[in-house]
Every structure is written in C-alpha cells, then in structure tokens.
Amino acid sequence: MRASKPCIALLMATLCPALMFGGTISGKVTYTGTPAKQKAIDMSKEPSCAKQHATPVMTEGVVTGPNNALANVVVYISAGADDANAPAQAVTFTQKGCQYGPHVLAMHTGQELDVLNEDQTSHNIHPLAKVNREWNKSQPPGTPPIKDKWDQPEVIEVKCNIHPWMHGWFVVLKTNHYSITGENGGFSLPNLPPGKYTITAWHEPDGKQTQEVTISGNETKSVDFSFVLKPY
Amino acid sequence: MSEASAHAAHHTAPTGFIRKYVFSLDHKIIGLQYYALGLVAVVTGMVLSWIMRIHLVWPNSPIPLVQWLSKVGAPGGVVTPEYYLSLMTMHGTLMVFFVLTNAPFAAFGNYFLPIQIGAEDMAFPRFNMMSFWTTFVAFCILISAFFVGDGPPLAGWTAYAPLSAVGKDSGPGEGLGQTLWGLSIFVFCIASLLGSLNFIATTLDLRTKGMTLARMPICTWAWFITSCISLLAFAVLLPACLLLVLDRVGGTSFFIPSGLNVSDHLQPHQGGSPLLWQHLFWFFGHPEVYIAIVPAMGIVSHILINNMRKPLLSHKVIVYCMMAIGFLSYMVWGHHMFLSGMNPFSALVFSFPTLMITIPATIMTLIWLGSLYGSNLRINAASLFCLGFISMFVAGGVSGFFLAQPTIDIYLHATYFVVGHFHMVMGVAAIFGVFAGTYFWFPKMTGRMMNETLGRWHFWLSFIGTYAIFMPFHYLGLAGNVRRYSAFTDDFLVPLVPVHKFITYAALFTGAAQLIFLFNLIYSRFKGPAATANPWECTSLEWSTPSSPPPFDNFGGVHPVVYHDPYQYGVKSSTGDYLMQTSPERAGETP
Amino acid sequence: MATTLQPPPVQLDEKDLRPHDGNGGGGIRGLVPEGGGLRAVADPKGEPTRTGIWVALAAIAMSFAALTSALYVREGSATDWHHIVLPPILWFNTLALIASSITLELARHRVAVFMRGQESDRSRPTLWLNLTMLLGLVFVAGQYLAWLKLRSQGLYLPTNPNSSFFYVFTGVHAVHVLGGLGGLTRVMVKFRSSGRPLRRSTLDATSYYWHFMGMLWMYLLFILWVKL
Amino acid sequence: MRGNMGGKIFAVLVIVIALASAVPIVTHTWFGSNISLAPPEDISTHGSEIDKQLDETMLEAGLSFLAAQLVLGVFVWQFGGRKDGVLKNFPGGAKYLVVAALLLVGAEAVALGALGTKAWGSVYFQPASADALQVQAQAGQFAFYFRYAGPDGKFGGIHPEKIDEGNSNFFGLDPENDIPARDDITSGELVIPVNKEIHLMMHAKDVGHSFYVRELRIQQDFVPGLDLSVHFTATKVGKYEIVCTQLCGLGHYNMKAYLNVMSQDDFDKWLKAQSQ
C-alpha cells in the first residue's frame, strides 16, 4: 500500500501532458507453495528505535496478503512503452524506526532520489549497486537529505551498515509505467497507448516473470502473475 | 656510497636559494626542514583532535567550518561516524610518524648530532637530503587521502587487518584512502631507514679528535640508540606494508582469511592470518614508542644538566638504561595483543619483559630526581619543560604498570586508560622534550633568543592543560569507557559525558595555549634579541661554533679537539663554573 | 682510506690525513690531544661508507627475517598450502650469481693492484667488472624467465600463498640486486673518470653488498625449496 | 628572583596536581558529582581476582606516583633558582638509587606477575567444563548475534554466502539442506542462566571485533578465520551491556548487545518461547 500510492500519484503527474485516455493493464500477483515465515526483528541494540514499535517489526523478505496475494512485487513494462524522461519530482526513501519506507522503491533512471533520516540515531545507506556506482554514506540525525540518482536500470539491494536488519530495494527502471503490489497483490498500469507490451513482474531477491500483452484502444486487459515460494 | 661526491660538493657552501634552502645537503637546513614539517604535522593533528573532541561531546551539532573539510564526511558540519574515525586515523598517523618520529629524532638529531661530535656534516649528506624529501613525499601522500573519493582511511593508525586489507567493502575510506595510507607509510619507512643509517655511520665514524664514545653528550647517545632502534623497527614495518598493499591491490591473502562476508560481499581471499599483521605491526609499533621517547630523554638530560650546573649522578647509568630500554623494546610487542587470541601462555611471556622495562625507567627517573638534589637549578622555559617532562614521564609510566599485566588488561584493554597512558608517556612527554629543546637551542639555530616570559606562560598553561586532558582519561578507563567511539550511546557511557566535556574544554584551552609558542617562535625569529655565543654557559660542542647559526661546515674550517667528558659543570675555570669540551684547561685548575 | 686513482701511485701524506678529506673527524688518526684521556687512542674509527654498508645490510637482513617469519606464520594458518615446483632455471641463476661474486673479487684484487701503482693498465680490472655486471644482468633476466615459467603454469601472484611468497621473495631480492648493479655502474664510471676518482671504500662497500645479495639469494632459495 | 619564584610555583603546582589527580581514584567519583568512575560491581566468578590485582597495582603505582611527584616538587622548591650554592650530591650517589630501583621495582614486578598468573589462568588456562552451556557468538559489522543449538543440541553449519541479514539469517544457515540448522535459535541478546558456566564460541563474520562486558570482567577479540572461545559464570541476575572494543568500522561506536542473566526457569521459558 504505502509503496503504490506515491507511485500512482507520480504516474498521473508525469503522464498528464501525454494522452489522458488509453489502455490499462491491471491484475493480481499471487503465490503458490509455502512462503518463508516472517521473523520478528530484534532491535534491542538500538533502543531509540525499538521503543517506537509496540509490536516487534517483522522481516519483509516475503510479505503476503489474504488469499495468497503477494506484496512488494514490482510490475512494470519492460518493452513496448515509450522510454519517457525521468519525472522532475524526486522519490523519497525514508529511514524511520530503523526501517526503510518503502521496502521496495521503484524509480526512473536519472530520477532524483532523496534519502531522509527521521530517527534520533545515525543511519548508514549502502546501496550494493553493481552496474551503477556503489556508495556508502552515513547520515547523522538532523542532517540534510542525501541526494542521488541512478543512470543505469538495475535492481539494487540497499542495506544499513549500522543496523544490519535494515534492508530494502531500489528498482531502477527505464519506464514510468510501473506499479508495486500491496497486501492485496493488485497492480494497475494505466494510460497505455495501443501497442504490444512486455510486462515484467519482479519479486526479491531475484524472481522475474514476463508476459506479452497487446493493447488496442481504450480497453483494460487483465494479467495475473504467480510466484512459487519455498519455506526456506 | 655518495659521500665522496657529496663532500666534494660541500667543500664550499652553495649559493643558490634552491641548493641552499630547498634541496640542501647541509644537515642544519635539513634539520630545520624536519622541524618545519613536524610543526605543520602537529598543528594539523591538533586541529583534527579538536574536531574529534568537539564531536564526541556534541555528536549531532554542526561544527563551524568542518563542512568545508569534507561535504560527504561532515554534511552541514555534522561529523559522520566514519569521518570521525578517519580524523582519528589521520591524527594518530600524523602524530606518531610525522611528529613524534620526526621532531625529537630527525629534526634535532640532524641539526645537533654532527655538531656535538665535531663533524662538519652527516656521513652521507645526499642520503640525508633524500631521507627528508622522501619523508615529505610520504607526508603529501598521506594528506592527499583527505581529498580522494570517500576520504581518509578509518582503520586507525594500527590498520588492523582484515579491516584495512579487504578494500572498500569494509567501509568508506577503506578504498583508495587506505591504499594511500599504506603507500605513505611504506615510503616513510624507506626515509627513516636512510636517516638511521646516516645517524649510525656519522656517530661511529665522524667523531672529531678526542670525541670518544664515552665523551658524547647524552642526547647524542639518545639519538644514536634511537637510530639503532628505528633501523630494525622500520626494516620490519616496510615488508609488512608491502604485504598489506599487495593484499589490497594484488589480490593476495597474507592477512585475509577465508569466508569473510563483508557487508554482503563475499571476499575472494582465503587462508590469511590477521594475527600476522598484528605481530609484524607491533614488532615495529612498540619500539616506535621508544623512538619517540628516548630522544626526548636525551634532550631533557642534556638541558637539565646544563641548568642544574652539575652533572647527573651518573652519566653511564642513564646511557645504559636507554640501551636496556631499546633492547627490551623488541621483546614486548605481544603486550599489545594479550586479548587478540594468541596463545594465553605467551601473554605471560610478553608480560614479564614489559614489567622489566619499568626497572631502567625507574632508575632514570630516580637519577634525574636525585641529581636535582643539591643543584643550583636555573629556572627558565627550557628547564621548566624538562621538569614537566619528568612529571609527565612518571605519570604516564605508572599507568603502564597496569597495562603490562594481562590480568588487568582484560578489564582495561582498549579503554581510555590506554589512551591516557600513551598520550602522557609518548605523546606529551616527548613533545615536552621538543619544547625544551626548542627553547634551549633556538639561540644556536637562529642567533636570537626566545622570549622568556612567553615561554614560561606557555609552560604553565601547557603543563596544567595536559594534566587536565589526560589524567581524566585514566578515570574514564577505570569506568570502562571504550576508546575509538565516535559517540557515546551506551547506557553506561552516557553518564560519563560530563567528564568528556571537561576534557574537551581542557583540550581547546591547551591547544589555544600553543599559539603562544607559535607566536614566540615566529616573533623571536625576527625580532628576538641577538644571542651571545653561549647564552646558557653550556659545555658541549654545539656552543663552541664560531657563530650562531653555525657556518656551513659548522666550525669554520678548523676541527675542534675534545679534551673532556661532556659535562664539566661545578668546576673552577677561566670561564666560570663550567669547562667547554674544547677547552684545553684541566678541570679545577685556575688558569 | 682515501686512496685515489689520479695520479697513480699515491703516497699517503699529512695532507690526506687532514679532516677535510671527506672523511670527517680527525679523530680517525687517534692522535692523543694534550690533556685528552687515553681513550681517544683506543677508540676505533672506520670509513663511513664501510660502516654504512654494514648497517644497510643489517636492515636488509632484518626485512627478510620479517618476511621469513611471515612465511612461517602464514603457513601455520594456511588451509591452502599448495606446493609448487621451483622452476629449474633458478639453479642456473644461482650459479650465475655465485660466479659474479667470484669475478667481482678478482676485479677488486685487480683494482687494488692498480691502485698500488703496480699496474698502469686499466683494462683488466675493467674486464672483470664488466663480467660481473654481465652475470648480474643474466641473473635478473633468469629470475624474469622463472616468473614467466610460473605464469605459464597459471601461477600468478594471488593464486595461492606459495606463489605469492615466491613472487614477493624473488621480486624484493631482484630489486635489491638491481640496486647492486646500480652501485657497480657507479664504481665503473668512477673507475674510468679522472675527475671523481674511485675510492677503495666505495668499491669495497659495493662488493660487500653484492656478496651479501649472493648469500641472501642462497638463503631464500633454501627457504623456498624447503617451504614451497 | 623571578627564577626563584618560578621554582616555587612549579613545586606547588606539581604537588597540587598530583594530589588532585589522586582524588577521583580514591573517591571513585568525579570531584563530588555523582559520576561513578569505579569499575562496576563484578558479577563473575573469576572477576574478584582481577579486581584484587587492580587494587594492589593501584596502591603501589599510586603511591610511587605521589612519591615521585612529591620529591620532584620538594627538590625544585628547595633548589630551584638557587645561585652559587655549594653543590652537593645525593647521599650515596647513583649506586644506592640503582640498587633500590632494581630491588623494589624488580620485586614488585615479580610479585604482581606471579599474582596475575592466577586470575589469568582461571580464564584462559582451564578449558570450559563439559556441562557448560554452549552458545555461539557472531560479531559482524555492526552487531552481535547469538545462537543456541535448539532442542537437537546440534549447531547448523555456517555458510557465509547464505548470510541474508534482511531476513534474519545472520549466521548464513542453510535450513533447506542442513537439518540441525532448522531448530537453531538466533537472538540479538545474549540470554544466559545465572550461576551456570557459559562456553561462548566466538566467530567473526567479517573483520576483527571484540567482546567486552565490564561487569563480567571479560574481554576477548573476535579474530576472523580463527574461532576462539571463552568461558565464564555470571553470578547475578540482571541486564548488562556487551560492547565491541576492537575498531571494526564506521558503526563501531554503536556495536553493542545486551547480556541478559536470568534464573534457570526464566531461561528455560525464554528458550521454549524462542523455539516456537
């Protein structure tokens, strides 16, 4: 949920100049098999964060919803969509309560990224980029946001060296047509001009599925993805 | 091997500015160059320590001007944890290598060792010039680490592997910064080896007529012993740095074991031994402590004798003690590693000689104290700093007694107790020796006197200040305050912050007091009253040169002949209560 | 002694004994100054160059001792100690280095004869010196071939501790040998030139250094042979 | 005259400083404030030995410190600025001083060395008893994690490439193929029963770290590639801090965990709760 809201707002913002009508691809991401069970995160080492959470925070490696919905899946158009420019508006990545919000953050190549620290403790942001330039910076409380942008499309694992449990993903894409599933597993890619598209769904750490969809006119096509999960 | 041409070259003094002051073969100029380099390094190191102290007690508040030092390291002036460690590493490296090794040993040694033995220059003037400029290159390489990508290294001046060896994965500054560090120290080792070689050959071969080993002043002995220590110590650090740099850039695995997962990067290395680095480093590292303190001991003895107007109770014992310390310093390196996983039995083996070192140290202290008794002690800036040195040496020495015992080390290891200990005994004490030397020899080096009143104020403030800074470190250690923390977030450390605040104020105050010294140095250099030939009525050869500063070949073409042991004080002679080493009179005879 | 070449033969006279002969203190002569203690005589003095070279050799020995101990410790912690076959050419190199020491000694003898003025021809000493240079170069080239051999077997610096130590030991030693060749060149230049005559001490120092390199190499070879 | 004054000032100064320095050592507080500068109460079975030796050393070192500074002060007061006085030598000259130093310091050193061996031995020379509770400690940038064998009493193997901190697989366990690993209990807190010997097996994930608990009087480095172990017995229920004392990188200052000493019953309950 958290994740998808800003993204949709952002889509509207960026596509306003473009054609307001067009096709929509929507659907649901589900899983089969047994998902690994979420483990409670032990924040005892960082009391200032631990006391912000009434109930222990759970790991976000696999987040599922009712009737096998799978959250935190990035669904995007990997081929066929116009490779629009990066939106002017920045995406923000917030550190609060020793957690990353959102856990999965999608953005366009060259789009500005703001990293905020809303905690009373220093954080460290270490995107383990391989294609792009890897960096590793600490952010004491009350310091200005760290600004950066990624030039190449890549899925980048993000960690905090000071708090090992803090873990997130930057999904850097060449398109603005993407959506991140919430706990209901639903996604929607609106405002698509007619054409043939390849749609990719990515789930951490390295699950990828693609489907071909053809949009003709103002229709809404439904596409579903299903990932096989293992307990370990 | 270059002395033939060198001497050919320096029969006549060079005239051009470059040959005279920049690439000079003259040991006096080179000595001053070392002194200047040390001064730059110590000011830099001190400023870094200020930033650290301020950050420690106000971790989240911006420090003025610091954001200009590094935008990433101190966003908006707030020092990040990694940048704190970078500052700490640079502070340690600058102070240990470029101040404590350069100032008391290379600077004063270069200037006065040849004069005190009546030589016209070092044995190998070319090597001498090379060793300074090599040191300078090392300094530049180290400083350049401030300006590279992710800043200076953060592995501390001890650069423990694998933190220092696995490369950028282990944190900011561990990329190019750490490599530059390794390179800088590698180059520094070469410089020090050249220097030591020069000192040893000069002392053994260039002594003038009648200057027997027994007639060398104590500081000459100190520099000679130090050069022997540093010859062997740096000869070990050199290959160690080579291996470290190879691990970093050559992909070897000397210090890096198998199966390391450093921030989600599985390291390709295998089979290396982190303890190997610690052994090699500390085999150098402990003697290094004595490379810093022994010259200070020599300088202080020399100046103290002159101001007491009587020789020490025993000249020989002091020299033997310095030798003993130098010798023992090679058998104790393991006391830095009691808890690092070496065989627990070896801890006891290393502990014993460590405790034994207190014996020569105590003997020296007792001799200094005992010699004060019944003396006509002159009180001036130089002698005050000598007395301060003794006080500091005692204070830092007794705390060594705790750390020498593995049992107590279990509790005190890596706490501020250690920081207090080595800052007092090796840092401040050695620096006091340098101050004493400066006030004492300034007339000879520049031909002008330093301002006495400012000198005394400098001493009073520094003396009180250093105790105010470093004594509380011991208390913090006893409370279990861990060192090398960039902020105190632990429940048991937070209550101690007021003590840290006090230390920070003291540090700022003491640092500011050093401005008096800098001002005095510069002011007296140009405006100070002209110095007489031998203002302190001192006996050793440096005061029998025809002019201050001495001419190019030190003694104006003639070679002094030495007739006496170095410290003929409290005698009746034509000159008063002392007899120059070069005076043919016999002590006691009235001419 | 500041024995010089031009013009041969040279008689040591009072002028040479003056402290200005680039030799520093007149103390060398051990003249007892009026009222000076007797120790002034007892106190031995030598050529700075000779002293210097011994000090330098001590430092070099220390460095290699450190490397050796590193080798032992590293082997102790090793899980990956793969023995490597030493390239046979090393044995040939060793012979070359030993031979160079012998030729250098002959050269030294010849130079001595020349300096005593018993021989005015400069060619024989030069011949032996050239031969020494040549053998030295052969040794370095041979070491290079040895490295090529290892590379051809896929053994590079990082491959395993044994190859690492092999390259480090031979590499550092080779650098020192090159230094020695530099020294020899210097000796030869001076030997030819009349402006800056060759000093015996320079030649001696260079040859001590060179022989030490030879012994050091045999020591290293032994270590490598035993350990790798 | 000025010179003379200088001597007197120095004498007073050095004695005042020496006495002032001793105050916090004696009172264990920071000049009247309520900041405690003493080692905290010892909760280990071996710690008393260490404390005893610390006190004895403090006594000897402290006294020699005060004595030396006092003598320095007195002599400078007496002889500082003295002009043309008759020079005297210290009675007996160097010989007695040297002998004194040799005997006193030598004896002191030997005595302390011998005394120290006992406490040191109790920590390092005896192996942990067979029935000691085995806990594995892993130090990594920048947190400690602790592992209990779980019901089967067996530890799973460690696979560095499988480490996934985002999903709490801090040790790199492989439950898929490694059965013993499935029931291993991982905790960010070192929870131990009181009055039971703990055998702590120490493993470093990346670089060097150190395990330091003031109250336990235990400090031991984690050395990568070299799995060490210490054993200790906590004698007092409570929560104490474990901190890292070996410089390990940017998060060093924040690398800590809690040592939670419980009664045996509470511990068993906790263990059961964890293995759900």
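Labels A, B, C and D are assigned to the chains in the order they are written; within every chain, residues are numbered from 1.
By our rule, a contact is a pair of C-beta atoms (placed from the backbone, for glycine too) under 8 Å apart; a residue touches a chain by one contact, two chains touch by 3 or more.
Keep in mind that this is a model prediction, so the values were computed, not measured.
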Most distant chain from chain A, judged by the mean position of its C-alpha atoms: C
Task: Look at the interfaces A-B and B-C and say which one is made up of more C-beta pairs in contact.
output: B-C
- line: Averaging C-alpha coordinates per chain, one finds the centres of chain A and chain B separated by a number of Å equal to 55
Query: Approximately how many whole Å separate the CA-defined centres of chain B and chain C?
result: 33
- prompt: With chain centres defined as C-alpha means, what is the inter-centre distance between chain B and chain D in Å?
  reply: 29
Where chain A and chain D are represented by their mean Cα positions, the distance between them in whole Å: 46
- prompt: Going by the touch rule set out above, which residues of chain A reach two or more other chains?
  reply: 121-122, 124, 138, 157, 159, 161-162
Query: Do you know which chain D residues sit against two or more other chains?
result: 140-141, 165, 225-226, 249-251, 254, 256
Message: Counting only residues that touch at least two other chains, what does the list for chain B look like?
response: 80-82, 171-172, 257-258, 263-264, 271-273, 275, 487, 489
- request: Go through the chains and record each pair that touches.
  value: A-B, A-D, B-C, B-D
- prompt: Of all residues in chain B, which touch chain C in the complex?
  reply: 1, 3-8, 11, 117-120, 123-124, 193, 196-198, 200-202, 204-215, 231-232, 234-236, 238-240, 242-243, 246, 250-254, 257-258, 270-273, 275-276, 279-280, 283, 559, 561-563, 584-586
- line: chain B contacts chain A in the complex at 59-60, 72, 75-76, 78-82, 150, 168, 171-172, 263-265, 487, 489
Query: In their complex, what parts of chain D are in touch with chain A?
result: 140-144, 164-168, 170, 175-176, 187-189, 249-251, 254-258
Residue ranges of chain B touching chain D (in the complex, touch as defined): 80-82, 85, 154-156, 160, 162-163, 166, 170-172, 174, 256-264, 266, 271-275, 309-310, 313-314, 317, 339-341, 344-345, 347-348, 351-352, 355-356, 358-359, 362-363, 365-367, 369-380, 384, 387, 390-391, 394-395, 398-399, 401-402, 405-408, 410-411, 413-415, 456, 460, 463-464, 467, 471-472, 475-476, 478-480, 482-492, 495-496, 498-499, 570
Contact set on chain C toward chain B in their complex: 19-20, 22-29, 31, 33-37, 39-40, 42-43, 45-49, 51-53, 55-56, 58-60, 62-64, 66-67, 69-70, 73-74, 76-81, 157-158, 161, 164, 168, 172, 183, 186, 190, 196, 199, 202, 205-206
